[in-house]
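Next up: the structures, one after another.
Heads up, the next two complexes both have chain A, just with different partners, chain B and then chain C.
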Partner chain A sequence: MSYFLTICTFAVIYAIACLALNIRWGWGGQFDFFVYGLVALGAYTDAVLTLPPQPKDNTGLTYILGLRLPFVVGAIGAMAVTAAISLIVGAIALRQLRQIFFGIMTFASVLILAAVIENAQFIVNGYTGVYGVPQPFAGVLDLSFGAYRWFFLGLCVVVLISVYAILQRIFWSPAGLVLRAVREDEFAAAAFGYNPYRQRLKAYVLGGAIAGLAGSLLIGYITAFNVDTWSPIETVLIFAAIITGGSGNNAGVILGSFVIFGLITQGTQFLPAIPGLGGQTGAVRAIAIGLLTLAFLRWRPQGLLPERHFTVFRRRWPRSLLPTRADNGAATPQ
Partner chain B sequence: MTIFAHSVGFGIVTASIIALAAIAFSLQFSVTTTPNFAHGELLTAGAYGAYVMQKVSANLLLDALGAVLFGGAVAMILNLAVIRPYRRISSKRLTLFLVTVAASWIMQNILLLIFGAAPTIYRLPTSSLHSVGPFLWTTIDEEIIISAVVILALLHALLRYTKLGKSLRAVSDNPELARVTGIRYPLVLNVTWAMDGALAGFAGFVLALNIGALTPSLGFNFLVVVFAAAVIGGLGHPYGTLVGALVIGLAMGISSAYLPGQYSESIAFILLIGALLVRPRGIFSAAEWNMAE
Partner chain C sequence: MSALLEAQGVTKHFGGVAAVEDFSMEVPSHSVTGLIGPNGAGKSTLIEMISGSIAPDSGIIRFDGLEIQGLPAHRVSRYGLLRTFQLAREWPGLTVLENVMVAALSPGEVGLARSVLRPRRTRASSEDAIRRGREALDEFGLLHLEDELAGRLSGGQKRLLEFARLVLASPKLVLLDEPFAGVNPVMGAAVQDAIRRLVDRGIAVLLVEHDLEIIEALCSKIVVMAMGHQIAEGTMSILRSDSAVLEAYLGA
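Let's turn to the complex of A and B:
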């Protein structure tokens, strides 16, 4: 039972990270490698905001700030920092780079971020990383260990549902439509007076903030974080979840992250070990995820739950585009 | 001043390795137009091919042959088993990129499964340190530089003076026209992938010689450096890539003398970002590269 809780919590946290990448890749069409770096950056920011000041004795643990702030402030700070970094990276990368060039640029950026965090010891303790990060609301609630884990899962689910609700509103809002219009045909969208660069940048920053939120939940759960936890290639797992679930569809992305992170990454640990493999089951699992991604790209590129398209000729208009009560009858879309 | 000269010497060694890897990438990209993210794994495959060969014989040339054959075979398999099914349903280029990202992930984990995550020590042949002009090189360094120059000269001759080279250039210029004139397009693609793999495998072998240890992420960690050289030289331009490799190699070598060593790769990444922003078509590229494509 306790293991089941762990799986669910990880799957829910990763689902939030997947939603963040979905804004960039699914809605905006950007091949972004930076997203896992932003999850890590959110985790580090949350850590240095909620940890007590750096110990004076020679424990070797060095980090900046150490403000002992509550979790909520830490999470908001994490979102602010990741949004700001996304703004900088996005403002540079989105201006003229597209597709694979954008992918290479963001890949290089995340490697630079990793090199700085690993080598500048004073920021977040270099390669060893930070540990002993206080868990959210643990001090206030004073729950038993088992009860606290249920509480944490509940907290993550509440965050996931709120993020999902907000993104679902944006998806059907005019802003979401414009973003997908820019993805489909940049010039047509520009002809309607929308600046493609600004639309993409908005989506990029929104995705960054959500990735930071996922990072602060992640470190709240595992309480320790170092460079080993987030190699840039891990972004492949998030892409795998999105492609399995359905690029562009929020519900599909959540489903995909439960399939990848719940069922395959964590769930297969229950299965009897394959004889002769020893401790290498992680690699087998990773290969399985890779093959699953390739299969989906080949035979069902739209994923388990395809993106819902907005069609003029069907009666399903998003509520936000329906006329309000005041001008009802003046311009009915049917 | 001697520090500077020595760092230039190390830069030239790095540049030779990058040149081999980046020209392989550039050639493959210009002929097949597939952006191959799994290029790093071809290097790793070559390095492990040499490692396996080393258990049979300690002869450096035989090890190199193992690297070339293994790299070429892996590249052909990658083309036939992974990339071709997606080309056949005419996937978009971005989808192909994603496919190679997944392939890179799978290949790294297969190597992890076979060889384990701990660094495998590559037994180096005995070599001595001596100064050549202002530079300070080991015997291995010299062998790396000479082999790179010889191989690139051979490649140049192949591209320029043989019928195969002519058909490669024709496909790279205009695949449709090349097909009309009777060039066997699928064969040319296959040969290109095999050459790419063989060159990349050799590059992985000399990289392993230079570092002295192998991990399943050896080539992957080197990938962005290779991308940097290819982009600076103009993606898909084998000759410009040579200059790109020299720029990156020298920048990494010189910076490692004056900055903490861990940042030397970051210098390459910053150069890459700068090149992408300032002149995304590369130094020597005359053709208009459609960045939105």
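Let's turn to the complex of A and C:
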């Protein structure tokens, strides 16, 4: 039961990170690798805001700030920092670079971030990282260990639902529609008065803020964080979830993240050991995710739940919008 | 009466090659102006400069009293100067209805904060875009395809979709870059019809086209371009007897 709770909590946090990348990749068509770096940056930011001041004795634990702020402030701070960093990276990378070249620049950005954090000991204790980060609301609630785990899962689910609700509003709005038009053809979008650079940058920053939120939940759960916990490879897993679930479709992306994370990365742990290949479940898992992603790209690139479209028939628009009898024959209801 | 669009001494070099050299012309409002010339005359470069895709090296482009040379494409478009491309540029992964919705919306309606914090207004924007978009689709005979992905339309249907998008953005002038390319003769008649409909709405047109019969049928004024220069302008009957035009086209 305890293990099941852990999987669920990780899967929900992971789903929030997937929604963040979906804004960039699914809606905006940006081949972004920076997203997992932003999850990490959000985690570190949350840590230094909520931890008590750095201990004076010689424990070797060094970090900046240590403001002992409550979780909510830590999470907001994490979102602000990741949004700001996204604005800087996006403002440079989105200007000229597209597709794989954009991907290379964002990949490099993660490596730079990792190198800085690893080597500048004073920021977040270098390679060893921070630990003992206070858990959200743990001090206020005073729950037993088991009850708190249920509470934390509930907190993550509430955050996921809120993020989903906001992103659904954006998807079914002119803002979301124009962003998808920029993805499809930016020159045509510019020809109709929309600044493609500005539209892309908006999506990039919004995605960054949500990745930061996922990071602050992540460190609130595991309470310790170091450079080993995050690598560019993690972003590939997020891409796998988006491709499997359905690029552009928020619900699909959540489904995809549960499939990839819940079933494959965690489910394979229950597989019997392969004779002669003991301890290779990690490799088997990576192969399974790779094959699944390739199969989707080949046979069902739109994913389990494809991107949805505006139509007078499917959305609940007012009656006055619905076709009159005269053109009903011509239109094709679905 | 002053011209709607005016180019003065516009020049653009690519490396050592002068694509457009000291080019001047005027496009009046409420009519179709033709821009013709042999391949390599610089017509496309000129269109790109007027629409803001590339900046001229020198010269002035004035639209509706404002100097627009060097402005980015989205700014030029907001002044009411729209363009189409040689290849139809629909948004292929969006439906036909969504394509016209984007054209019916305006940059002020696409804020992220607005879409989260002002759901009623956002919804009203979408509804209005759907309503106006469907009217335009009906006018251009595409309403039965509204839920189809735009990428799946035929070449001619994509052209009509472009016209539906154009009228929704209510421009003052549209630049049509070879709108008959890749369109079969039957659809060609529909495209001619669509151009006349733009003029009926008070929209001026600058038409780049190779087919001189179409140019003669549609245009009240024709500008001839060769080697980056304007070599003649006037009506078709005048141009037919112009030796410079004959030389450029026939090498005679």
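Convention: the second predicted complex is superposed on the first by the 310 of 334 C-alpha atoms of A that agree within 3 Å, B and C clash if a C-alpha of one lies under 4 Å from a C-alpha of the other, contacts with A are read in each partner's own complex, and residues count from 1 in each chain.
The working rule: contacts are C-beta pairs under 8 Å (C-beta built on N, C-alpha and C of every residue); 3 or more make two chains touch, one makes a residue touch a chain.
All of these numbers come straight from a predicted model, not from anything done at the bench.
> Which partner does A:146 reach: the first (chain B), the second (chain C), both, or neither?
neither
> Regarding the shared-chain residue A:287, is it in contact with chain B (first), chain C (second), both, or neither?
first
> Of the two partner chains, chain B (first) and chain C (second), which one does A:154 touch, if any: first, second, both, or neither?
Touch partners of A:154: none, neither chain B nor chain C.
> Does the superposition put A:53 against chain B (first), chain C (second), both, or neither?
Neither partner.
> Let me test your reading of the model: by the given contact rule, A:132 touches which partner, first (chain B), second (chain C), both or neither?
Neither partner.
> Classify the contacts of A:178 with the two partner chains as first (chain B alone), second (chain C alone), both, or neither.
Once the two structures are laid over each other on A, A:178 reaches chain C alone.
> Would you tell me which residues of chain A are touching chain B in their complex?
Touching chain B from chain A are residues 31, 92, 95-101, 103-105, 107-109, 111-112, 115-116, 118-119, 186, 233, 236, 239-240, 243, 277, 280, 283-284, 286-287, 289-291, 293-294, 297-298, 301.
> Looking at the complex, which residues from chain A come into contact with chain C?
Against chain C, the touching part of chain A is residues 166, 169-170, 172-178, 180-181, 183-185, 187-196, 199, 202, 206, 307, 309-313, 317-318, 321, 323, 327, 330-332, 334.
> In their shared complex, at which residues does chain B touch chain A?
35, 82, 85-86, 89, 91, 93-95, 97-99, 101-106, 108-110, 112-113, 116, 220, 224, 227-228, 231, 260, 262-263, 265-266, 269-270, 272-273, 276-277, 280, 291-293
> What part of chain C is in contact with chain A in the complex they form?
Its residues touching chain A are 51-53, 72-74, 77-78, 82-85, 89-95, 97-99, 101-103, 105-107, 109-112, 114-116, 119, 122, 125-127, 129-131, 134, 138, 143-144, 146-147, 165, 169.
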